[in-house]
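Have a look at these structures, which come just after this line.
What follows is a pair of complexes built around chain A, which joins chain B in one and chain C in the other.
Right, the complex of A and B next:
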């Protein structure tokens, strides 16, 4: 017999970035309410940018998020560069790619080890984990340190980058720093292999729900910066047409806007990139995917973290090869490419740790007069709610505590970055 | 030592990017021993356990809505020591940039005719609402300064944050002056203690650590004019992190 009433009410979900609530209400086995409320305070970045000099945009918008600071800075710079007719040098392109890998590695390691792993190991956080399994936590900290130091030598720090500017960089890594980094990246393979082994053993929930996955795509590389927008439902769009894909709408229970494309919702992030861009993964990343039994198209949302682990392998390998390329070329202290005009409009897109990010600026005589930022977590919200609605009826035989925990794990799997998306998360079962 | 005897600390966040708390996590990479000398009872971004019996509260983020005031006052009532963590809590940070425009316009620009659904008002540092005992400045905070501040607090004294201008630290770092490199810099009026990290990486100081006690703003403006900056550009430079402080100074005058 169905339980008369089952409610889940998680106020300010933990181990996610920002503030969200999960609210579920089941009456006589029927799902009455199932929402992810975004209660983060509105941030108003688009309004803050208006009237500011174009040079400030990347510095202001990196402050949207402490975790994806490099991603926001990169998307911001690309938007400004396209608006003002700047084509960065080959060296800038390589340094930005390498720097970006530092952020993906840092963010994915943080999520896989410190935010998600405690759920599987039956602890509330990484702190008891540090006592129960110190080698696991020390491994995560070692890898994070390498990723952070990578960003440090290129842009000064990961949160918030300093040396990234319109048209290039204001500081350059020394050959000795790149050589030392290369050695540490190569040595990091052992810890990354152990991460793949850990995630091939964790009991990740097998819940499935088919959806549309969207990511940036390039034919010749696993794409994080620029490219085109591509969907697993078919279709490619130039990034300038992002509004045709995102279709933002405002809903009352969320200070972050919702989006939909060809279905009622779509997903972005590591799993989306894996599904869209599997062919472009490094061979070692494909081997890691096989070890975790991942083959596109994966429609298991809890496996987003496993897809992040695949990307950890990919980004490490690509970072090693980029470092080699840069060392071979030799780093030149070059001036940033000057702007070609002072007015224009541009869209910058990057696939940041949590998915596809768009920055769109209109610049008039060197000042930003219009700005729009579309954030990965915002794009995932409608899809998370659709997953919640599909998942709840299948687990109603479990205790309320277990259902709550499962819902928290589901939301956490998306690695939501809520302060980003409001330009939010809390699980509330009512 | 049993955990009951360790000082209990908690982390809270208001309007911010949570980058300062991430920097706290990063600090633990280099200083894991910190975990042996305190008990963290609340840190929502990193842990599910939640305790309300904290003695030291680290607060990140600005107060930007009426609801924040209530929570801040609860934290103040519980904690013996409240520490503002980073520029958003300390200065209003970049959140205060929006205070330069009428609030209604800002809300409508982002949320259109649904603007009324989301509660907000002027962005302020937390000291506008509660008494703050100590500040760890910066956007983000400097991890070494955070470790030092915790060590000072555990010794029963307030963190020793420099109140001399950044230029002093920058000279000691042997950086080439940003003005020599043709770039604008707020070093002369900004509080030191970050290791002059922005000039070291080729960018002028943006003032994220706040004004020194007696800043000579007019003199710096003159220098910026002499370097060819327009009044508009100077105003922008001075308001990335300093909007709130600067507006307060102007009100006093």
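Right, the complex of A and C next:
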């Protein structure tokens, strides 16, 4: 018999970035309320950009996030470059790709080890995990250190990069630095293999719900920068048409907007990229996916972290090969490509750790006059709630504590970055 | 007994933010001093959890950082983290880990069993942690004092006279 009333009220969910609440209310087995409330203060970055010289945009917007600083900077630079008619050199493209891998590795390792693994290993946070299994946490720290140093070599520092600029870089890695990095990346394979082994053994919940997955796509590479927008429901859109895909709308219980495309909601992030771009994965990443029993289309949201582990393998292998390519070419200290005009509009898109990120700028006589940033977590919110609504009825036989924990794990699986997603300008309460 | 454990002098903070650059300033002072063998100077910038890995290879770590102690600008104290002066942000440890700093890194190193046996922190009360580089007068004035104190500290331990307490 159904319990008369069951409520879940998680105020400020832990091990996610920013502030969100989970609210569930079940009466006589019927779901009355099931929401992920976003209570983070809006950030107003788009307003901050208005009136600023275009050169400052990437430095301002990289402050949206300390984890995805390179992702925001890259999307921002691409938006500006498209607006002002700049085509970066092949060397810049390679360095940006390598830099990007450093950020994906750093973020995914943080999420898989420090934020998600404690749930599966029955501990409350990374500190007891460090006591119980120090070798696991040390492995994570070792890998994060390599990833951070990669970004440091390419762009000065990972958080709020310095050397990335419109049209290129202002600083270049030394051959000796790239050679040392290459050695460390190759040595990192042992830790990455151990990560795949760890995630092959974790009891990841098998809950599934079919949904639309969206990611950037290129035919000839596993895409993180530029490309087109592609859906598992069919359909490809140029990046410039992002509004046709995101369709943002305001909901009462969230200071971040919700989005939908061909269904009521869609998902972005590692699992979406895996589903859209499986064919372009490195062979070693496909082997890792097979070890974790992942084959597209995967519709199990808890497996987003496993898809991140697949991407850890891919990004490491691609970083090794990019480093070799750059060393072979030899790094030249080239000037950034100059702008072709001082006014225009451009859209930059990157698939950052948590999903597809859009920056859209209108620039007039060298100053930003309009900006729109659409953040991955905002695109996932409606989908997370749809998962919550589907999951709750299937676990009502469990204790309230177990239900609460399961809901927390579900939200955490999406690796939400809540403060990034709150960019809503008009909030109306009734 | 002469103590030859490798020693790390770790400056923390952001020189672009006023008195937060005091660690880097003391490090610059020490760069002009004669370093005893086994002493490494490192600008750690704004630290994250990986600081745990940086300090694990040393027997002694001397950290210099701006510290809010509620005292007059430029006053400084030498203390050890075990004296309870450092408050780690519990939310950062249970929560996001997106804001983890020195206290969290030390707590993690302790849990991992890789905390160096001696950690000494030189905390300096800032006047302004603002949005431009440059130290305030009272903080700039104490930089040589702190530098000298640190060199005395390692002179003492290389002569076998330092108790290691803060």
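What to note about this one:
Everything below uses one rule, namely that the second predicted complex is superposed on the first by the 423 of 430 C-alpha atoms of A that agree within 3 Å, B and C clash if a C-alpha of one lies under 4 Å from a C-alpha of the other, contacts with A are read in each partner's own complex, and residues count from 1 in each chain.
Quick note on the criterion: a contact is a pair of C-beta atoms (placed from the backbone, for glycine too) under 8 Å apart; a residue touches a chain by one contact, two chains touch by 3 or more.
Just so you know, these numbers come straight off a predicted model, no measurement behind them.
After superposition onto chain A, the modelled positions of chain B and chain C overlap sterically. Once the two structures are superposed, chain B and chain C can be ranked by residues of chain A touched, with B on top. When the shared chain is aligned, chain B and chain C each come close enough to touch A:110. Contacts of A:157 after superposition on the shared chain: both chain B and chain C are touched. Of the two partner chains placed by superposition, A:304 touches none, neither chain B nor chain C. Judged by the touch definition given at the top, the superposed model places A:170 against chain B, while chain C stays out of reach.
Touch criterion met: A:52 reaches chain B, while chain C stays clear of it. In the superposition on chain A, A:141 makes contact with both chain B and chain C. Taking the listed stretches 109-117, 163-171 or 217-225 of chain B in turn, the superposition on chain A shows a clash with chain C for 163-171 alone. Contacts of chain A with chain B, set against its contacts with chain C after fitting on chain A, overlap at residues 12, 14-18, 66-67, 110, 114-115, 124-127, 130, 141, 144-145, 148, 157, 159. Against chain A, the residues of chain B that register as touching in their complex are 14-23, 25-26, 28-30, 32, 35, 40, 43-50, 64-65, 68, 93-95, 97-98, 101, 105-107, 109-112, 114, 117-118, 120, 139-140, 197-198, 200-203, 206, 233, 236, 240. For chain C in complex with chain A, the touching residues are 45-46, 48-50, 52-53, 91, 93-99, 107-108, 111-114.
The residues of chain A lying in touch with chain C in their complex are 12, 14-18, 66-67, 110, 114-115, 124-128, 130-131, 134, 137-138, 141-142, 144-145, 148, 157, 159. Interface of chain A with chain B (complex): residues 12, 14-18, 41-44, 46-48, 50-53, 56, 59-60, 63-67, 69, 110, 114-115, 118, 124-127, 130, 141, 144-145, 148, 155-157, 159-160, 162-163, 165, 169-171, 250, 252, 255, 419-420, 423.
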